Amino acid sequence: MQVCAVILAAGEGKRMKSKHAKVVHQAAGLPLISWVKAALDGANAEDQVYIVGHRQEEVRAVLGESVAFVLQEQQLGTGHAVQQASHFLEGRRGATLIMCGDTPLVTAASLRSVLDTFEKDHYAAIVVTAHAPDPTGYGRILRDERGHVQAIVEHRDATPEQREICEVNAGMYCFDTALLLSALGRIGCRNSQQEFYLTDTIEILRQDGHKIGASSLPFEEVLGVNDRRQLQESMAILNRRILEKHMIDGVTIVDPATTWIEQGVTIGTDTTILPNCSIKGSTEIGSDAVIGPDTHLVDMKVADGVRLDHVTAVESEIGARAYIGPYSHIRPGSKIGPNCRLGNFVEIKNSTLGADCYLIHQCYIGDTDVGHNVNIGSSASTANYDGVNKSRSAIGSHAFIGSNSCLVSPVSVDENAYVAAGSTITEGVNEYALAIARAHQINKEDWVKTRGLNRNQRLNP
Amino acid sequence: MQVCAVILAAGEGKRMKSKHAKVVHQAAGLPLISWVKAALDGANAEDQVYIVGHRQEEVRAVLGESVAFVLQEQQLGTGHAVQQASHFLEGRRGATLIMCGDTPLVTAASLRSVLDTFEKDHYAAIVVTAHAPDPTGYGRILRDERGHVQAIVEHRDATPEQREICEVNAGMYCFDTALLLSALGRIGCRNSQQEFYLTDTIEILRQDGHKIGASSLPFEEVLGVNDRRQLQESMAILNRRILEKHMIDGVTIVDPATTWIEQGVTIGTDTTILPNCSIKGSTEIGSDAVIGPDTHLVDMKVADGVRLDHVTAVESEIGARAYIGPYSHIRPGSKIGPNCRLGNFVEIKNSTLGADCYLIHQCYIGDTDVGHNVNIGSSASTANYDGVNKSRSAIGSHAFIGSNSCLVSPVSVDENAYVAAGSTITEGVNEYALAIARAHQINKEDWVKTRGLNRNQRLNP
Amino acid sequence: MQVCAVILAAGEGKRMKSKHAKVVHQAAGLPLISWVKAALDGANAEDQVYIVGHRQEEVRAVLGESVAFVLQEQQLGTGHAVQQASHFLEGRRGATLIMCGDTPLVTAASLRSVLDTFEKDHYAAIVVTAHAPDPTGYGRILRDERGHVQAIVEHRDATPEQREICEVNAGMYCFDTALLLSALGRIGCRNSQQEFYLTDTIEILRQDGHKIGASSLPFEEVLGVNDRRQLQESMAILNRRILEKHMIDGVTIVDPATTWIEQGVTIGTDTTILPNCSIKGSTEIGSDAVIGPDTHLVDMKVADGVRLDHVTAVESEIGARAYIGPYSHIRPGSKIGPNCRLGNFVEIKNSTLGADCYLIHQCYIGDTDVGHNVNIGSSASTANYDGVNKSRSAIGSHAFIGSNSCLVSPVSVDENAYVAAGSTITEGVNEYALAIARAHQINKEDWVKTRGLNRNQRLNP
C-alpha cells in the first residue's frame, strides 16, 4: 500500500513565546518536526508533504530536500491546511496519514499499527484516539455498537454525558487518499470560527456510508507541544525511552532523571553511567566503562573499560582502559591511547597520545603528537600559537616533560629525552638528551626581614 | 479595609533538629518567614506583628525593622500566642490575618481571595481550609447547610463519620479585628493540654451569633514545615513555581528537577537552561543565551546570546555572545566584553576584559584591565599580590601574552605589545615591543642515558 | 530461637544482560547480596548458607568467609535449590528464613517481625506476602477464615476470582527447620516445568495438619532485581531511605533526587547538602557544613563548618571552617588545616597543610608538608617526581610561594621565606630569605611592528 503523509507545520505557536517556529524547537537532540518525520519514515510514509507558514524557512532548513513543502499563506483551519496538499495528493493511492508537526512522541510502531488496521479492515478513514486522564477541552469520540466512529463532538458542543467520555480525538488521521481528496473539496467554513475543519471530512465520508474507524494510542504518544512546559515533558519522555532501551540492553544507569542520552548513541554491556551526564551525537561507548558523574560527551569514541570522571569531551577517541578525570577537557581531533591516565585540569586539543601516557595535572597539550609512555608534569603546556600561526609539536615515546615547562611550537622532544622543570623549550631535544632552560637560583638571606614585610596571607589575592 | 496580620513564630520546631529557629531556615533563597511576609505584603497586610520566642534574635534579624515583634515568653498555645498581639491590635479596624511563620507556600493571591470573601460576605471570621489527601491528625471542618462553619473538631475528638471529612483546618484565619479582640479575652485553658486554643475564639463568635466562613485553598499552599523533609518539599514546590513562570514566558528549561532559580532572577525569551544549574540573587540573563549544564550564577548580568558551559560566576557582567567554559570561574567585580572566548580552567577576578579577548586555557587574570582583542596563553597568570599589597596591572588592546608567562603587578603591557612564552614580566612593555625574560636553553646530550634513568612513568606523581 | 537462613543466589539473571552474577551488581554502594546479608544479620540469622551456581566465584568473593556456600550445579527449581542446603540444616533447630539473593530492599526489622510472628503463633511455616498494585504474574495467597494460608495459587492456575486477589507470594519464607527438612525430602517434580517447587513444601506441611501463616510486608521491600531498570529502582529506594534518615536527624538536603549518600556516612546537624553530590564510604561530615553542589566525597573526614563547593575529595581530612572550591581536587593522604582557603583548579595530593593556608588558584601541591599561614600563588607547583623517584618537600609557616613558581622536590622553603614569582627552586631557602631564579627581562622595542605581525587573535589556539 502506498502511504502518503500530510504534516501540519504552519502554525505560529504563540504560547512558545519564541522567535522561532514551534516545530524546530529541539527535544532530545532533534527538532520536534524531525521526530515526526522519523516516525513517518519508520511507518514507510514515502511521500510526505509539510504544510508550512510561519517561519517556513526554518522548517524547510531543518527537513531538507527529501520532503515536499506547501505554503499555507493564511491559517484558516485544519481542513484548509490539508486542502493545500490536494495538488500533491492527486493521483496517489493508498492511505494518507495526517498529523501535526508538534507531536514528537508518536512512534513508528504506532503509526504502522494504525495503517495495518486501516488496510485490514477496509476503513475509509481512521481517527487516532487516546484515553485522556482529563478529557476537558478535547473532542470526544462517539462510537456505535460495532465500534465505528459515529461522530467527533467538540468539547463545547458535548452534552454532560458525552463529556464523561475519555476517548478523545488525537488530531491524527489515516484516510483513503482518494476519498480524502473528494471530501476535502466539500467542506465549508460555516461555523463560528469561520474556519475549515478537517473533522468535517470524517462526517462527510460517514454520511456517504463509509466506515470510519478509531485506533487508540497511548495518551503519551499523542501529546502535542504548545508551550515550554510541554516541550520539557516531551524531552523527558523521549529521553526516558532511550534510557529504558539501554537499561534493557545491559547498561547500568544510576539516575535516569539526570542522564541525557541522544538517540543514535551506542553503549556496551556492563557499562555504568553515573548521575548528571549527557551523551550526544554519534558517541559510541564500549563495554565495562564507567562514565560520570558530571560527564558530557559529544561525537566521541570511547573504548572498553574506560573511566571518565567529570570529563567534557568532544569529537575525539579514547583508548581502552584509559582513566580520565576528574575535571579534564578533551577537545576535538584528539586521540588518547589505551591505558593513558589524564588527571585534573588537563586539556588535550587536536593531539594524539600513545599508550600509557601520564598527564596527571594542570597541563595543556595542543596540536602535538605524543608517543607512548610519556610523562608530562604539572602546569606544563604547549605554546602552539604565536599570535599569527598555529604549529604542531612532537614528543617521543618515553620522554619526560618536567613541571611548569613550556614547549614553544614547532619543536620536537625526541624519544627518551628529558625536559627539566621550569624550562621554556624553543629548540629540539635529541633522544636521551636533557634540555634545561633555567636561570640560576639566588637566595637573598634575611630579605623578608629587612623589607619589613609583615604579611597578611589572608588578603584576597 | 485595613488589614493586620499576626504571625506565630515563637515555636521551637524540635523536629528540625536544629540550633536555629525553624522559621529562619531557607527555602528557594529566602527564610521561611520571609516567604510568609512576602505573601502578607502582597495581600496588603500593612500592620504585621510577629510573635517571637525561641531564638527570637534570629527571627528579628531576618525580618528587620519594618514589622512589629512581640515576645511570647512561654508557649501556652495558639490562643495565648495571639493574645500577645492584643495590645498591638487594639484600636485597629478591618481584618486581621492570623497564620504560622512556617507556611512558606501560601500565596498573596490566595490571601487576597480570603480577604475578599471576608469583606464581601461580612463574616466575623473565616477559617482557611484545605482538602487533605489524608486528613489524619488534622482538625475537621463541619459546615452547616449554608456552608458556614459549625465547628472545628480535632482529630482525637472526631466521630468515625467526621473522620471521613477531608476538609481540614489549615491553621490560618481571617478575623474581624474588633471581634477577635473581644473573643481573645474570653478563652480559657480548661483542657487536657492546659493551653489556650485560638479555635475557641471561633466557637465563642459563633455562639454570639456571628457568621463564620471557610475559605478553601489548595492543600499545597497550607503545608507547614516541621522537619527537614517538609523543608525540602517546600523548596521543591517554591522552585517549581518559579520555573513554571519562566517556561510560560518563553525560557526552555531542560530539566526542572535540577534547575534552581531564585525569585527575582530575570531571563529573556529563547534562552535555554541546561540541567544542573542554579541561578541566584539579582541575576539577569538576556535572550538567546545557553546556560549550563553545571553552571552556577549569583548576582550576574549576562547579556544576549551568551554561552556558559560549566561556569561558576559571581557579581560580574558578561557581554553579548561571549562564550565561557567549560570549567571557568568568574569572580566578583569582573566585566567580560562581548564576543570574548574564555575556556577551561580560566579564572577572572576583579578585572575588565574588552571585546574579543581570547583566554582559552588555564590562566588567571586578577585585578587587571585588559583591552580588546587580547590573546592570553595557557598557564599565564597575573601575580597581583606580593604578600603585603594587591596591585592592578593593565594589558592594552591587541597585546599577546605568551603561554606560561607571569605578569608581576603592578605592570603595564601596552597596546600591540608581545610577551614571550615563559617570561616573568616585572617591567612595563611599550607599544609594539617584545618582552622576553628567558634563560638560554642548554641541551645535555645523552644525559638520560648516562644517568642510567630507567623510568617508570606509571608511578603516581 | 536459633535462626538459619538459606539464600538462593545461583541463578543466571539473564535479563541483566551482564557477564557478572546478578547478585553482585551494586546498589547504593553494596552488592545486592550484601544488602540481603545485612538484613539477615540484623535479624540475627546466625547460620546463613548461600546456594550458589552461576559465577559462584564472584558471589563467594563478595560475601567472604563468614557464611557457608553450597553449589547448586543444575538449576532445577526453588525446591531443588533449598534441598542443596539440607545437609547444612540438619540437626539445627528453630527457624529457617528462605529468600532470594536479589531482594536488597527487605529490612532487618521486617524479617524480625516475621520471626516474631512465627515464634509467637507457633506456625510450621510463614509465607511472606505483599499487596501488589498489579498482581499479574504473581502467585496469589488464599487464606482461610482464620487468616491461615490455605494455598498459594500460581497466576496461570488462578480462577478469575482468584486473580482479583492482590496479596501475593513474595518468595520469602520462614520455616520450622525440622519440618522444612522433612518436607523437602517429599517434594517431586511432576509438573510441566519438571522443576522442584519450594511452595510444594508448604502444601505438604498443610496437608500434615500444620498451621501455615502469612506475614505481609510493604510491596517495596519484596521487589526483586531482574533487569537494570529494577536495579535502578532499588538504588533509588535504598538511597532515599538513607537520605530520609539524615533529614530526620537534622541535615538539610536540597535535592534528594540528585544526592547519593552511602550507608555508614555520618553527617552533623545543620549541615546542608546542595544538589548533585555523592558521599561515599566511611565519610564523616561535621555540623554546620555546606557541601556542594557537584561535590563527591569518598572516605573523607570533614570537620564542622567546612564549605565544599564543586570538590572531589578522597581519603583525606579537612579541618574546621576550611573553604574549598569551586573546582578543587583533594587526593588521598591529604590533611587540610582549619580555616584554609583553597580555590579553583587547585590539587592537593598526599600533603599536609597547616591552619590558615591560602591556595586560591591553579596550583598543585603533592607530597609536601606545608606549615600554617602559607600563601601559594597561581600556577605554582611542586615537581615531586623526577621520572624515577618521588620525593617530599617542605614549606614552613608564613612562607610565600610566588605565582608560576616551581619547587623541585626534595626541597625546603623555611618559615617566613619568600619565593619570587616565576622561579624554579632547586635549592633550600632559609628562614626570611628571598629565593629568586629569573632571567633578566629584555624589551625589544617595535619588534611586533618590524616583524609585520598582523595578528588575528581569534584563531583557535
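Every chain is named by a letter (A, B and C) in the order it is written, and numbering of its residues begins at 1.
To be clear about the criterion, a contact is a pair of C-beta atoms (placed from the backbone, for glycine too) under 8 Å apart; a residue touches a chain by one contact, two chains touch by 3 or more.
This structure is a prediction, so every number in the text was calculated from the model and none was measured.
One rotation lays the C-alpha atoms of subunit A on subunit B, and its angle is 120 degrees to the nearest 5. Two copies of one chain, subunit A and subunit C, touch each other, and the residues they use overlap weakly: the shared fraction of interface numbers falls below half.
For this pair, subunit A with subunit C, the centres built from the Cα atoms lie 31 Å apart. In subunit A, the residues that touch at least two other chains are 257-258, 276, 294, 327, 345, 362, 366, 375, 377, 379, 385, 387, 400, 404, 418, 438-439, 453, 455, 457, 460-461. Residues of subunit C that touch subunit A in their complex: 16-20, 25, 227-229, 231-232, 235-236, 257-258, 260, 276, 278, 294, 296, 312, 327, 329, 341, 345, 347, 356-358, 360, 362, 364, 366, 373-375, 377, 379, 381-383, 385, 387, 398, 400, 404-406, 408, 416-418, 423-427, 429-430, 432-439, 453-457, 459-461.
Contacts from subunit B toward subunit A in the complex involve residues 244, 247-258, 269-270, 274-276, 293-294, 309-310, 326-327, 343-345, 361-362, 366, 375, 377-379, 384-385, 387-388, 390, 400, 402-404, 418, 421-422, 438-449, 453, 455, 457-458, 460-461.
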